[in-house]
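Common to both upcoming complexes is subunit A, partnered first by subunit B, then by subunit C.
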Partner chain A sequence: MNPKDVLLTFPELLLWFPLISGLIAFVLKKGDHAKKWALTSSFITVGIVAASLFFTDQKYFNFNNVSYFWMPSLGSSFALMYDGMGRMLCLLTAVSFPLVFLSTYTNDYKKPHSFYGLMLLTQSGLMGVFCAMDALVFYFFWELALIPVYFLSSIWGGEKRIQATFKFFVYTFAGSLLLLIGIIYVYLHTPEGTFSLRAFMEAKLPPGKEKVAFWLFFIAFAIKMPVFPFHTWQPDAYEQSPTGVTMILSGIMVKMGVFALIRWLVPVFPYATQMFSNIVVVLAVTGMIYASCIAWMQDDLKRLVAYSSIAHIGLMCAAVFARAESGVEGVMIQMFNHGINIIGLWIVVNAVEKYWGTRKISELGGLANTSPTLTIFLVIIALANIALPLTNAFVGEFLMFNGLFAYGKWTTAIALISIILAAVYTLNMIQKVFYGPVRAHYPLAGVTRLDKGAVVALSIIVIIIFVLGVYPKPLIELTMSTVGAFMNKVHGL
Partner chain B sequence: MIALILSALWGVVMMFSGIFLKNKKAAAPVAITGIIALLIVSYLEYNAVLYLDADIRGMLKFSAFGQVFTGVVFFCTLIYFILNAAEFEETGNDTFEYYALIFFILSGIGLVTYFNTLLMLFLGIEIISIPLYILAGSDKKNLKSNEASLKYFLMGAFSSGIMLMGIAFLYGASGTFYIDGINVATAGFSPMIAIGLVLLLISMSFKVSAAPFHFWTPDVYDGSPTVVTSFMATIVKVASFVAFLRLFDNAFGKVHAQWQILVALITAATLFIGNITAVFQQSVKRMLSYSSIAQAGFMLLAVFSLNTFAKEGLILYAAAYSLATIGSFAVVIKMKDYSLEGFNGLGKTQPFLALMNTIFLLSLTGIPLTAGFFAKYYMLIGAVKNGHQTWLVIFAVLMAAISAYYYFRVIQAMYFKEGNAEAKPVSAVFKYTLLFTAMLVIVLGMFPSLLTKALY
Partner chain C sequence: MSKLVYLVPLFPLIGFLINGLGRKSISKSLTGIIGSGVILASFIVSLVLFFDVKAGHTGVVKLFDFITVGKLDIPFAFQVDQLSSIFLLIITGVGFLIHVYSTAYMHEESSDHYARYFAYLNLFVFSMLLLVLGANYLIMFIGWEGVGLCSYLLIGYWFKNNDYTNAAKKAFIMNRIGDFGFLLAAFWIIQQFGSLNFADVFSKASGMKMNDAVLVGITLLLFLGATGKSAQIPLYTWLPDAMAGPTPVSALIHAATMVTAGIYMIARSNILYTLAPTTQGVVAVIGLATAILAATIAIKQNDIKKVLAYSTVSQLGYMFLGLGVGAYTGAVFHVMTHAFFKALLFLGAGSVIHAMHHEQDIRKMGGLKKALPVTHITFLIGCIAIAGIPPLSGFFSKDEILAAAFSASKVYWVIGVLGAVMTAFYMFRLYATTFLGKFRGTHEQEHHLHESPKAMTIPLIVLAILAAISGFVGVPAVLGGSHELEHFLAPIFAGSVKLQHPHNINHNTEYMLMGASVALAAIAILYAVSRFSKKPELNDATSFGKVLENKWYIDELYDAIIVKPLRGISAFLNNIVEKLGIDGVVNGVGRIVNYGSRQLRLLQSGQVGAYILIMVVAALALFIIQLFVL
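Let's turn to the complex of A and B:
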């Protein structure tokens, strides 16, 4: 294919399309036009990503890579690449948004045009993060994805939204600025003085500086994931954000951190990674156990899911730093599956809150009697979340533990405790909320049935859970090249 | 050179037109004409179309850096005039004189940008300061304005004294006022040079309100009429920074290692005090005063690192900071109540003003895609490249994270809090100029090289 024949490459399309449709959504002030527009736009984005999956071959290079001159004097160019991992995460981003829009379709937001506009801008920012090949461009999108989310949570969130999202914002902003210093450090040591990823990998930092830069990068990513002890913003932010935004935050935005470890941290600082991997793995495993224990004690459904997410992310972080091929492959698969599953959990929590008017486990009970459909969905998704075989998360977690085992037997043994704990708190929650005696809170009048949007979204999620649980090969194949490149970099010490 | 002369002359023109034109409303058009003429002249001079060859004994040196900087200053002043035309008329009766004083300040800024001897530097600083003392007290019936004027005058006079003493020491050590001569003399780093250097450092820190010499700033900025504060905190401040940078680069560049740690400490103190105190302010005007101290801390990084990044960055910082702060002050002036609560619900009552103010505040915070990001970026890369005192860089970014706290409090008040913020009615010209300024902030945030490449 002649490069001149390519009008727009896939990464550009994925970046500009949500951006432009988001800006259009801002002016659709009438009725629910913005809502319909956003839903349509998000389906088109899925279509674009789906189409892009047929162009993975090397001969379509020009479809997947693009680079503009942007700030030549600074050594930065607007470079985007669409590799296996990027494709997988863009797919996740693309699939998540229609799920979110569908499941919250009946929610009435004040000023819907702004809400949907900001949502689509977030989508564009996320795509940019996953495709950026230039450190400065990456940094730009890393920050820009945050701004619309800040506004979304602060305007449409819960009671304590202002404090919670503000904590979240300042936390991540501080992390980003440290990342910026790290980027500058590496940039000044690149051979040609550019910000491209290749130059970053070739940069030769003196060992002392590499250590400093490693931590500057790591703290920024650790805050985003979040890894213990940088997680304190997360439960509050999840609890206070509107459900749609929580889904994006937990489903996709935390993946930015894991993604950044694989693309921007380990390959750029292989020595420092080797040196500090023990500390990071210990932090991650501690976080897993700690978060699982707290999840067990939670009375609020949203906070329970939030803490369970910290535990899952901790495992991904540990598996990346264990640097075994199967473990990293597991991280790839799990990034996708965790995103899908947690969105499913949020949809269920949202429905429970909407129909019973509370999220407190102690006030709920016997929901299965009044709402069997919801219960079936919840049980499937919850079992997937604790990685039962035949569900999608099993493959990923198995591979990750496999990788971790090669790294350290005792670490793995301790990390496995969190799996048991996950089963404990999840089953405990199911038992208390959905079975047992029916408590005082009956469904609020007239809303006993699940909305159609949520049923469609949950059905899609359940289908994904089973299909990928039985047949994970497509995901593995998609990300194989990235894992290979990553392992080469790790072993190329 | 011609622009420099013209700016002083136009001040006289303004004073005379005040006698002949009785209508206050005529003042703004005359001033805007003047500033546009200045912009055109300085553009022509930059492209060497216009050239005036006068024998000034090498006391001024017209470099591209200075020309670009004065261009930025004139441009920001133009926007400042357009946005604040209505406010000038309300401040007092002597509208023409206020504009005249500002033109005199502009000529002083020209001197401190082009100076090649310490005499010119001193003259420039005084020509900037004296009109400002008057402007600070221009709201004559307001006690706070009088206090601001007096305080500013006493402090300013004091620091000018220190500066003169420093210059005297340097003259004693080197036998010349020319900064090249002083640069040569610093090779034998005598005690007299050291004393002179420290005295100049102190007096320049006074002028740019760097800690621990910042105590006058909040009171003066808060007490002065807001329209004057907007000018003092932006254009005057960045001009003092250019003087600071040029003085320490050209006169003391050789002994950079000797005084660098001093500047590092001043920078850290300024960042710390400016940011931490800004957090506790309840009035947006006062918050912006402290934030100007905090931003000065970031600009001091340019003096700290003294490399090409620092010089390019200072120009960019000057433009980014001035545009955003002038814009933000222009919104503050239109508010009925300057306190944070006064901004509650502005997003509903005045969505346009709120949106513009948000862009300016994001730029001041340093969010990517706004000019403020690249301004900070250049300062940081300059300091990292310099290679010494790494702690300062980390400290600076942590302080920048704190700055998000107080800038975002205004955004929170505007959008997330319930309330009925009241603002004065604004004209269409005001709206378009504000929009233009915000667009400029974003364009510079995407293509900073538009400005920096003009240096070469």
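Let's turn to the complex of A and C:
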């Protein structure tokens, strides 16, 4: 056992608090107790993360790192670290849940206690993923974050939820299996026979085996992000999951994949990364253009957002493999901002569906006449999503493209076409859904007021969009050290 | 003093926030006062800054760190110098007049839409000010995209009309194509110079050799950005459609300010362009081609705003011609005079449309001279100015560009003068058809014909005075002037002037050139007036005229070779590749697994012997794999 000066470190607190409050939620079966409990709990989590941001200095090492033996016989210890990237993603995880709970506050779920309990378990799992410093712990939380989502989607999802969830399950489970094999494979080559990240980085894999291990890890993460052509589970899952779950899936869970590239793939397999980065970048950039074209063709708002997200994730993946400092920093910022923005998009889609009874672009029109507030929110968030300057996503995209440029001019030129296509599908959607004459045949026409919860959530999102768009410095500074360490590892080949 | 520069964009931003957030509660008169007042405040600060700059106080004012990653340091900083201070005056000065004009022009709108209009207009001015104030390419780009967004919002201001929102969408997307070039150029600049700050980039670039491939690449990409924003070939087709927006918007955004952003950007980067003569050649040719193409189209348009729109495209072409032949001062000079006379013409057109109850077809007008005396006189001044008749402003600025074009290539000059003659012709066709002859509208329209209120006519008068006299700041030496503008801007273009070959045309040649272009323009004017005041073109055009009326079918061409194929490819990707291909494989694998499991179930026969057999075979297989493969 390690001597500990502090009772509970921040990463532990972030794990245990949602876990315990999630378990409590399961027994709050009366009325909307579970709902209120979950909302309160999620706000407390935000408070914990906010407090943790004041303890980033090296002298608070003991607040942020913890390690004790877990399975000594296997050489796995329960090691958690709370570094810049971890903080940023825990912040995203913490901020997302209240936004989700607030904006869906009026949604009524059957068995709300199970719904909210599972949601909080997911939050705990996500925190674990972002803090884990031991491969087995990482894998454990990777699964812990996913399993509740399977239940959430298959119980509270849309009409075709079973098929969609099954596809999602098989896909990600296959990925997880590859990951597990990969982890064991690397573990067998670690010098001390442990699962710690450091041991993984020091593991001496012969080049041939490193290649195999690289692909095992990469495919697992590529499915999660998802990167073309491993993406087809995503539109189905987003479409069929209940909106709150979709928000978590797209806002945070896809970041697990990007995060894992930066923490568990590139530093562990530097040679293979160098060798295969061309293939990955080509896949990622192809995916950007491909998904943008397909997004343009979608009639369902949820699927449009899903493909738009695939395009944006492609850029993150490409920027990681371009391995330029500014690009990786861009990925950091963008992981956060993409999460916030896409949750905003889902809130709007949810509101549209609730009041007009459809998500089909071809059946909607003229919403700006009847609900100007919703329109303003949508336009701001949609434009942030396509990275207009002074919105939060611009800084990240600018840095990522800049990093990619160092990697290849022509690659960047092709990838940059996506910003034109993004304007095409986004403006097309805005025009068809919000502009034009009012379409008369809405089943629920007339009900145009937004929920208070949704307004609050959207207002918070819009504030984040502009604050981080004008002054991204705090976010950059938060993650700079992680990027520095990453770059040292990449260039210290 | 220059520390106060942040106030210039701050005022319009405040106006935007007040009108935007309070649109449901603020009265119309207050909205108008706030909307115009903040621009007036900016104008006053700009004026102070201008005299400060004139006294020699220039510099970069850093507000805060924007992006700092590793060696890349991009501050949020403003550049206060001769070039930006001139643009500040144009933007806030003309902007203020147009805001005042709008208070009357938009009076029919309900109060929340009225506030929305002023909020957008303020936001536009804010973005435009960022564009010209930015001390690096990134801040410039923020303004660059910002003005594009406001243009989109204002073109589609009447969002119930699908044609209008289509025009808005088109404008934004074509601008985004330009932004693609701008961004790529920015990344290349970072790679080459390690910075986006103008000062760093220009000082490092001046040490590079002429026509360095990197410089040519960067300048061409930046120019692609300029063709989008400033409506040049091949990205000009959005501007005529942009006339869907309210007329004051066309005056401010699509004539006086935003569309000159490309010229500003190249003038700002003049040293890069001077070092890349190849690009300069491209700029000159594209500018000239656009000037001529748009002029031919303008000849056959019947919508009062469309004529002015093509005229704008054409005049912008002249400015690019000027930049391309190294006449940077001339281009900026023309930006200024054009801002005055084109804003005047658009506002005059607005006054006509207002009087005619939203009729824009000049074939249904005629004889408006009597009913709209102020509009008539000011519009006429605008027409004379744009036609290049001395001593009005357009003459001096256009002449400066044509003189420089002559020394670069006589062909440029000939084509340039041809375009100028066409300009004189179509402008006076427009003037004569609208204001002279007999009234051709309905009786009801005739009955209601009225001169516009003071809030509209006063801006017209002010702009008319400016359009008439502003040329005198740039009277060339050959006409006995001292070209004050050139002296004022000298520090900005000093680096380029050193590299350029001095091309002095002797005075006799210059008199001859001036005489020729003025005489030809005058003939065109007389011809147009005499022809169209008596017998305006009322029927649809035929044969070649039809091609011009239909804008050379460029829109149809773009639709056929770009939009439709792209849509086709996307549909193919969506319906075939995605659904049948990738997802088909995925679902196919699922089905195979399903089938396989059903077959595998047969293995579980319950006979121990069979199980053992399978175990042995499997163990053997593993052993062989271990031995030979791994």
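What we mean here is this: the second predicted complex is superposed on the first by the 482 of 493 C-alpha atoms of A that agree within 3 Å, B and C clash if a C-alpha of one lies under 4 Å from a C-alpha of the other, contacts with A are read in each partner's own complex, and residues count from 1 in each chain.
The rule we apply is simple: contacts are C-beta pairs under 8 Å (C-beta built on N, C-alpha and C of every residue); 3 or more make two chains touch, one makes a residue touch a chain.
Nothing here was measured: the structure is a model prediction, and the numbers come from that model.
S.K.: Both complexes share subunit A, so when I overlay them there, do subunit B and subunit C fit or clash?
M.R.: clash
S.K.: For A:Glu143 in the superposed arrangement: first (subunit B), second (subunit C), both or neither?
M.R.: A:Glu143: touches subunit B, not subunit C.
S.K.: Considering only the touch criterion stated at the top, classify A:Ser326 as touching first (subunit B), second (subunit C), both, or neither.
M.R.: So A:Ser326 only meets subunit C here.
S.K.: Just subunit B (first), just subunit C (second), both, or neither: which does A:Val212 touch?
M.R.: A:Val212: touches subunit B, not subunit C.
S.K.: Is A:Leu178 contacted by the first partner subunit B, the second partner subunit C, both or neither?
M.R.: It touches subunit B, and subunit C stays clear.
S.K.: Check the residue A:Lys167 against both partner chains and state whether it touches subunit B (first), subunit C (second), both, or neither.
M.R.: The answer is second: A:Lys167 touches subunit C but not subunit B.
S.K.: Which chain makes contact with more of the residues of subunit A, subunit B or else subunit C?
M.R.: More residues of subunit A are touched by C.
S.K.: Is A:Leu8 touching anything from subunit B or subunit C once the two structures are fitted on A? First, second, both or neither.
M.R.: So A:Leu8 meets neither subunit B nor subunit C here.
S.K.: Examine A:Leu188 and indicate which partner it touches, taking first as subunit B and second as subunit C; both and neither are also allowed.
M.R.: first
S.K.: Looking at the overlay, does A:Ile20 come into contact with subunit B only (first), subunit C only (second), both, or neither?
M.R.: A:Ile20: touches no partner chain.
S.K.: Taking the contacts subunit A makes with subunit B in one complex and with subunit C in the other, which residues are shared?
M.R.: 170
S.K.: Looking at the complex, which residues from subunit B come into contact with subunit A?
M.R.: Residue list for subunit B touching subunit A: 362, 365, 367-369, 377, 380-381, 384-385, 390, 393-394, 397-398, 400-402, 404-405, 408, 412, 415-417, 447-449, 452-453.
S.K.: Note which residues of subunit A are touching subunit B in the complex, please.
M.R.: 71-74, 139-140, 143-144, 147, 151, 154-155, 161-162, 166, 169-170, 173-174, 177-178, 180-181, 184-185, 187-188, 212
S.K.: Touching subunit C in the complex: which residues of subunit A?
M.R.: Those residues of subunit A that touch subunit C are 167, 170-171, 229, 231-233, 290, 293-294, 296-298, 325-326, 329, 366, 368-369, 372, 383, 388-390, 395, 398-399, 401-402, 405-406, 409, 412-413, 416-417, 419-420, 423-424, 427-428, 431, 434-437, 471-473, 476, 480, 483.
S.K.: Of all residues in subunit C, which touch subunit A in the complex?
M.R.: Checking each residue of subunit C against subunit A gives 64-70, 72, 112, 138, 141-142, 145-146, 149, 152, 156, 159-162, 165-166, 168-169, 172-173, 176-177, 179-180, 183-184, 186-188, 190-191, 566-567, 569-571, 573-575, 577-578, 582-583, 586-587, 590.
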